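As written, the chain order gives the labels A, B, C and D, with residue 1 at the start of each chain.
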Amino acid sequence: MTMPRLLAPRSAQRVAMTLMWAATAATVGLLLFIIGFVLRRGASTLSWEFLFSSPRHSGALGGILPTVVSTIYVSAAAVLVAAPLGVAAAIYLAEYTKESRLTRVIRSGTDALAGIPSIIFGLFGFAFFVTALGMGWSILSGGLTLGLMILPTVIRTSEEALRAVPRHYRDVAQSLGASKWQSIRSVVLPAAAPGVMTGVVLGIGRAVSETAAVIFTAGVALKMPFSPFDSARTMSVHFYTLTMEGISDDMAYGTASVLVVTILLINIGAYTIMNRLTRKYR
Amino acid sequence: MARVALCLAVTGCTRAADAHVPAGAVITLAGSTSIQPFAERWAEEYAGGRIIVQSGGSTAGIKAAHDGTADIGMSSRALQPAETAGLVETVVARDGIAVIVHASNPVRALTYAQLRAIYGGTIRNWRQLGGPDAAITVITREDGSGTRDAFEQFVMGASHEITASALVTAYSGGLRKMVSQDPNAIGYVTFSQLNPQVHALAIDGVTPTEPSIASGAYRLQRPFVFLTRGAPQGAAQQFIAYVLSDAGQRIARAEGLAPVTIQ
Amino acid sequence: MTVAASISDRVVIDIRDVSIRYGDMVVLQPVTLQVFAGTIHGVIGPAGSGKTSLLRSINKLSVELDDATVSGRIEIDGNDVLALRGDALAALRRKVGIVFATPQPLPRTVFENVAFAPRMAGVRDEGALRATVERALRSAQLWDEVADRLDLMASQLSGGQQQRLCIARALALNPSVLLLDEPCSALDPITTRRIEDTLVALTPDVTVLLVTNNIRQAERIATRTSFILMGELVETAPTSRLFAEPRDSRTRDYLAGRFG
Amino acid sequence: MMMMIARTRTWMATAHLSDAVIERCLQLAAWSAVTTLALITLFILREGMPVVFDRGPMAFLGDVRWAPTRGHFGLLPMIAGTAVVTAGALLIGLPLGLAGAITLAELAPMKARLVLKPMIELLAGIPSVVYGFIGMEILVPFIRERGTLGGPGYSALAASIILGIMVLPTIIGISIDALEAVPKSYRDGSRALGATQWQTITGVVLPAARSGIVAAVILGMGRAVGETMAVIMVAGNAVQFPGSLLAPVRTLTANIALEMSYATGAHARALFATGIVLFIVSLSLNAIAGRVRSGKRASFA
């Protein structure tokens, strides 16, 4: 890795610095280019009417309302699974256990789950929720699959947030007669709330942008879902279908823009929650 | 004629068009995913009862008709002898499979042998077919797709296989888009998928048109078959009659299919 | 300002042969110690002699939060502390207040800090809470300074005020015992004297166990004082006698400030 | 006094779930991730193994032809495809990623870091279908029409470039953690001896953070191996050993997603078998990265 001897240290330093910054600029440049490319192409299609009207002719015309609603339902179902389970797991790991062989098994299992490709979640969701449990292609199958997929993210960020809470909060609360759970519920959790929320919001971000795991569990029906058992096509799956079916470039660009803007808002939201609220509690 | 791709990638919809729910008996159709979007269009216009259209593929449709889980089974391939027992087949439309090339491609016609050689990977350059000196980009559908089955059945036959170096996409609309972007590409889509961005080749001298498909002159086609256990009767018979009526056949033509009962 | 001799000889805190270790590191040799009702019992000794571990074991915090292993028997008003668990332990802790070395207010308003213990004990009625908060703040001699600013964030109070808030918080449920772990180590002399006056004013209703490395503080307000050196209880005696004629040479050296 | 404690205790127990019950529930939740992993393993094997048992593993790992409707389940081309594309992605992602991580962890002032790091994380947030879309709209035509390149455009090269970009956030993020774990004293010591910042980085910091960076690379590989949608859109999905980078390829993930819609019977099970291979590869990459990283912690413990 060291720079070739032919350059004197001083000039090697300069060359290296420019290279490093160039690489970083390239990486950030790529990000801005991608977002710019999508938003510029999609700008013409973007309108309230596009967001709030139903598609016609398999999405060639009209809007993407059903897919927006489906995305919200599926992501909400995912959060309803991942948030309680994830935060509860994080509380147990951070507050109730000491590092032991058992916690190492839990932690490595959680890390391994985080490393599973989303297509495997798609296969599993299809085999387990859609077929074995007979939920069929539905919001429920999609939501449950995504919930399990973002579970590791929620567990990891929540545990970090809990560990960041000053130790003495627990001393004080329990010494004032609060039981262990009361001290967690009324002091530790509120103090860790920003970090936990950030983890959940980042999980939502991942759920919204997921395609492989959703296409085989929530299905692709381009209809307004009414019950959790209705099949539902999320925005990312709709965008993928529009692009791959070559149905309509404008509709594809429009959907992509809505998707990218949503992800931007979610990430910015997560970031501000993290900064503003932690400052209030520090 | 609004030739707009109607085929849904994975037709998971299990509920009839919810636009308006006519009174009357409820009929369930199940089977070929190629027929499914067209069945939905017929269902939308049909006033005689509520139609539930499910997918699952031709084989599933045949089985559904056999064991009665569906009133009408839909198959977009000819039935094997073993499958026909107890079933009455009614051809409601024909869907040709058009071989397409980029609009700028000078090659306008091929023989079945040439087509087999291209997709078999033995002819690799357009120059061998009177076109420009450029490698042919062969594009095909994924394994399991009904359109690919029909293409393999008519063009490749049992002995030949599509070359492993062919590009694969799971979407007929996507395949058409890929051909429209690559001057050296060749692909195949259902007749209903054709649009001005691509050019349909004449095969053995016959260009795929509605009449040539209806008459059977254009051999690269597959029938859309409604299957019932025994002769169709009751609500199923009424729906099939509607589909074969002038109104039903006009819908088929509007959606790019070759009608069977009207010229 | 010496304090009257012990008012009654009822034992509130009865520590018998209590030793403490973290893993295999022993921090306190077996200690036997009685704290009498209504008195201020001082515990002096150099840092790291196990004073804090002993104090934190009396309400079992050391076991629950510091992974300490405590053997022997600790009784508060007849309750075997080390045997208590779960809700029973929580109930006992409502009767045993504790104040830590550095002021540690909860991230809440002044009012909510003091109202925390009653809320945890299930008190819902706002009126009762307001009365409890006022009473506790008065007995911690902080009421006059915060009466009109109860919704101020606790972190905005001064160091001395925060420590008195912690005392008020510990007094909210009328504990019979108050444990203090070097409460004034982070405070200036003037504030320290105010805290000391507050503690004296609490007796005889509350029994106070005061761990301090400030020998003068013990001398000033402690009724009886124990000297712990390197994890061993050297001797315990009424404060005046301990300071006048210490029985053990090590106590004499420590009081003369020669080491520790 | 005793009476008081007793009364509050009974009141406490009835008023809400006692601590013990809550602790039990939290413990069950803690196992949720591990249970999910077990369920996934169970169901993927349950669906995929039957066809492997009755056709024999060599039908999958020893055959080069994939024609599931005709009984050929050769996965070798897809395994090669995945390997080529992942290697290509690393060729792009590693240098760029490591440079980015070094810049952010070592060179950038705090203010710049606060802006740049979230932008990198945002790069990870962008849906993979958008990456695939950009690939289809820009990269594929570019490769097809460039004189020196050529070919159908849909190729291993296109997939490698797109994946190279997609693994950047993973490699940068984890490398930064590795670099930040190197004690500041290492840098001060080196600079005190007159070394330039670059010499310090290459001579002291990188070697010290080596195992963390290796872990970042491995996890980056895992991300590339596991990507589906973007790859399907740009790789061409041809079931062949890629003759050159310009030739189309199909990865294990693409194989599953492409045919999952219409596959039935043995064909569907063969896709699950593909999933098993992918599952084993991902788990082992994850395990290796874990051991490498914990190895790092041990050296600093």
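Methods note: contacts are C-beta pairs under 8 Å (C-beta built on N, C-alpha and C of every residue); 3 or more make two chains touch, one makes a residue touch a chain.
None of the values given here were measured: they were computed from a predicted structure.
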{"item": "Contacts common to subunit B and subunit C (chain labels)", "value": "A, D"}
{"item": "Partner chains shared by subunit A and subunit C (touch criterion as defined above)", "value": "D"}
{"item": "By mean Cα position, the chain sitting nearest the middle", "value": "A"}
{"item": "Most distant chain from subunit A, judged by the mean position of its C-alpha atoms", "value": "C"}
{"item": "Pair joined by more contacting C-beta pairs (A-D or C-D)", "value": "A-D"}
{"item": "Distance from the mean Cα position of subunit D to that of subunit A, given in whole angstrom", "value": "15"}
{"item": "Mean-CA-position distance for subunit D and subunit C (Å)", "value": "54"}
{"item": "Between subunit B and subunit A, distance of the C-alpha-averaged centres to the nearest whole Å", "value": "39"}
{"item": "Multi-chain contact sites of subunit B, meaning residues that touch two or more partners", "value": "9-10, 169-170"}
{"item": "Residues of subunit A whose C-beta touches two or more other chains", "value": "179-180, 215-216, 243-244"}
{"item": "Shared-contact residues (touching 2 or more other chains) in subunit D", "value": "12, 19, 257"}
{"item": "Which chain pairs touch, all of them", "value": "A-B, A-C, A-D, B-D, C-D"}
{"item": "Subunit D to subunit B touching residues, read off their complex", "value": "64-70, 77, 141, 144, 151-154, 232, 236-240, 247-248, 250, 257-259, 261-264, 267"}
{"item": "Of all residues in subunit A, those that touch subunit B in their complex", "value": "57-58, 60, 136-137, 215-216, 219-223, 230-231, 241, 243-247"}
{"item": "Footprint of subunit A on subunit D - complex, ascending", "value": "12, 17, 19, 22-23, 25-27, 29-34, 36-37, 39-40, 43-44, 46-47, 95-97, 99-100, 102-104, 107-108, 116, 118-123, 125-134, 136-138, 165, 168, 172, 195-199, 201-203, 206, 219, 222, 225-229, 233, 253, 256-257, 260, 271-272, 275, 278-279, 282-283, 285-287, 289-290"}
{"item": "Residues of subunit A touching subunit D in the complex", "value": "1-3, 9-10, 12-13, 16-17, 19-24, 26-28, 30-31, 34-35, 37-38, 84-86, 88-89, 91-93, 96-97, 105-106, 108-124, 126-128, 132, 148, 151-152, 155, 179-181, 205-206, 208-212, 215-216, 236, 239-240, 243-244, 252, 256, 259-260, 263-264, 266-267, 271"}
{"item": "For the subunit B and subunit D complex, residues of the former touching the latter", "value": "9-10, 33, 57, 59-60, 135, 137, 142-146, 149, 161, 164-170, 178, 181-182, 184-185"}
